[in-house]
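For reference, the structures are reproduced in the following blocks.
Here come two complexes built around chain A, the first alongside chain B, the second alongside chain C.
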Partner chain A sequence: MKSTWWKIACVVLLVYTAVGGLLFDVPRLNIVNETIRALYFHVPMWFGMVVMFSLSVFYAIRHLRHPSVESDIFSVAYAYVGLAFGILGIITGMIWANYTWGSPWHGDPKQNAAAIALLVYFAYFILRGSVANDEQRARLSAAYNIFAFVAMIPLLFIIPRMTSSMHPGNGGNPGFNTYDLDSRMRLVFYPSVIGWILLGLWIATLRIRIKLMEEKINEQEDEKNK
Partner chain B sequence: MNRKMKKISSILLFLCFASTALRAQEAQMADTMRSEGKIYALVAIILVILLGLIFFLVFIDRKVSRLEKRMDGKN
Partner chain C sequence: MNHLLPLLKKEFSLELKRQSVMAGLGLYLLSMAFIIYFSFSLRQNLITPLVWNALFWITILFTAINTVAKSFIGEKRGLDIYYYSIASPVAILFSKIIYNFLLCLVLAACGYLLFVLLLNNPMHDQVTFMETLALSSFGFSASLTLLSGIASKASNSNILMAVLSFPVVISILLVAVKITKNCMDDLDPSVSYQPLLMLLAIDALVCAVSYLLFPFTWKN
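So, the complex of A and B:
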């Protein structure tokens, strides 16, 4: 986890995304025009969020099966980064919607569901903040984490597909891949997704390492006070 | 002869309209900006911000590593 090769890969991929995302050829489409390039930056935020929340719920389940301080620390760190990705995703989505749909908040099912999913995760942090006992906080928030994850999946991936949504890939609308996410766009899009996910992991591991040290210091202080 | 001319001219007229209609369908892109090379200014600005933030992250990473070493030394 502390090795550097994947951090270098992360930097290389993100630099490549910034350069390729702005300079490489993209399909010429009406309405989206040049903003089609936002795909390279807006969509990886959501990919990143789902990966971070998946890791978070993985450690939450592990915590419920074998309670440990470490799995709680891991679970929270990934949830934090996932939430950050989600907020960035919804803001970039609003900017993009302003140009292509005509207003930043269009009340589109995909937008509303994404907002609800984020609120569900906000509640996770409120729950954590409201419990004073460490073990109780870890156990309660791990259980809630599963609930939040299970709520997020249909909110993002099922409900918008069942109604009429203007978001590509939903409500009968083709995703970019069905018409023009051709090989040219995939060449930047997939590296971008991997790069942003690696950046999320990097930030999360920093938080985890700091928290693990803090835990160690707490233990040492407890021993001194005995 | 007259009928043939009419036919040809109507076909020509149709082709004319069809070509303008096709051109209208071609989406507008920032071709002027690209041809003037101004896009490179944007790329440079974004790269500076991205790399600046990444360096910041690297510094935090090294600081954390140093702290971890000190902690391990103490135990």
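So, the complex of A and C:
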């Protein structure tokens, strides 16, 4: 991950998303109108969040199997970035809902599920804050990370599908599939998803590198003090 | 696994010996029901089935959190090391889950009786409702037992217990509220089969994950 090509790709894709997302032609739909452009900025946040949280859980599992400081650092960094994506996703969604649904918080099942998903990861960081022993903190938070992720699966992917929702893609509301014929939107949407995910990975790798360096410095100081 | 029965017996005999804990939980439930009763005392007609449903499940949720929290939090220091040396973590986990399940179920049934006694009884389909109570009690005890094990290792564990458990049990709670609503509306039991099955699936999921993760939270 130290090569620079994917960072350049990330910048190029996001510049393209910003320009194309705001300027290119979009289909005209009632009520939604120009807010359909939120597809390029709001939906990729959730893609990014799910990818980041999955990576976080992946490293949590790895930590439980082969405990190491590195896997804990990786897991936390991805959880942080995933949380940032989630908060941005909620905010962009609220801005969008304000114009199409009439109020920022509409009590829609998808909105509520997203809010609960964020609560889980807030709780994760509170748990990390309240365990003093480093090794124990890493192990307990890894266990909670996996547990919460699994418990979230029915919440995020099953229950919202059992209830009706006003969110695009549910109950007759136009969703992404309606735009299947409109390849213009896909032309911007897919690059934007990749771009945002790459940006998330970039931020996470920066955090990881800082933490690894701090760890190294701590070790050296420990040796000096011996 | 053959340690399961002695451990389960130990939980029960310990509980019968320190009756104050049990009595405390019962009183907790009673006071909560009374608070609700007094808050609505002059406005019995305000307790529509929907309000009843919400109040009932909030009461059950908090009672369950308090009941299960004590399974690891507040145990004497060093006791876990002793358990660790004599039994497998899986046996300990399952003895606690089964024990907590029975306790939660009894408390939930008591809660239902209190609500019927003090408020009213909007329930039409008792059988389905009892099934919901049993399945959600099991779900609560399976998920909260693991979380109690995690929270007991941290400082300010009581606050942490509530914070950690709320997002996790909410899916159980949502399904349970939905089925209860069906029972109140006197719908045919077959309507509730799908959500009941879903509750069962969530229970199985939570139980399996607890089984996999508990050994890691256990060792010191």
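Simple rule for what comes next: the second predicted complex is superposed on the first by the 217 of 226 C-alpha atoms of A that agree within 3 Å, B and C clash if a C-alpha of one lies under 4 Å from a C-alpha of the other, contacts with A are read in each partner's own complex, and residues count from 1 in each chain.
Convention: a contact is a pair of C-beta atoms (placed from the backbone, for glycine too) under 8 Å apart; a residue touches a chain by one contact, two chains touch by 3 or more.
Owing to the predicted nature of the structure, the values given are computational and were not obtained by experimental measurement.
Contacts of A:Leu23 after superposition on the shared chain: chain B is touched, whereas chain C is not.
After overlaying the two complexes on the shared chain, residue contacts for A:Leu64 are found with chain C alone; chain B is out of touch. Look at A:Glu34: by the touch rule set out above, it reaches chain B but stays clear of chain C. In the superposition on chain A, A:Ile95 contacts neither chain B nor chain C. Within the superposed three-chain model, A:Ile8 lies out of touch with both chain B and chain C [touch as defined at top]. Of the two partner chains placed by the overlay, only chain C lies in contact with A:Ile116; chain B stays clear of it. For chain A in complex with chain B, the touching residues are 2, 7, 11, 14-15, 18-19, 22-23, 28-34, 202-203, 206, 209-210, 213, 216-217. Across the complex, chain C is touched by residues 64, 116-117, 119-120, 123, 126-127, 130-132, 136, 139-140, 142-144, 146-148, 150-155, 158-159, 162 of chain A.
For chain C in complex with chain A, the residues that touch the partner chain are 143, 146-147, 150-151, 153-156, 160, 163-164, 166-168, 170-171, 174-175, 195, 198, 201-202, 205-206, 209-210, 213, 216-217, 220. On the chain B side of its complex with chain A, the touching residues are 25-30, 39, 42-43, 46-47, 50-51, 54, 57-58, 60-61, 64-65, 67-68, 71, 75.
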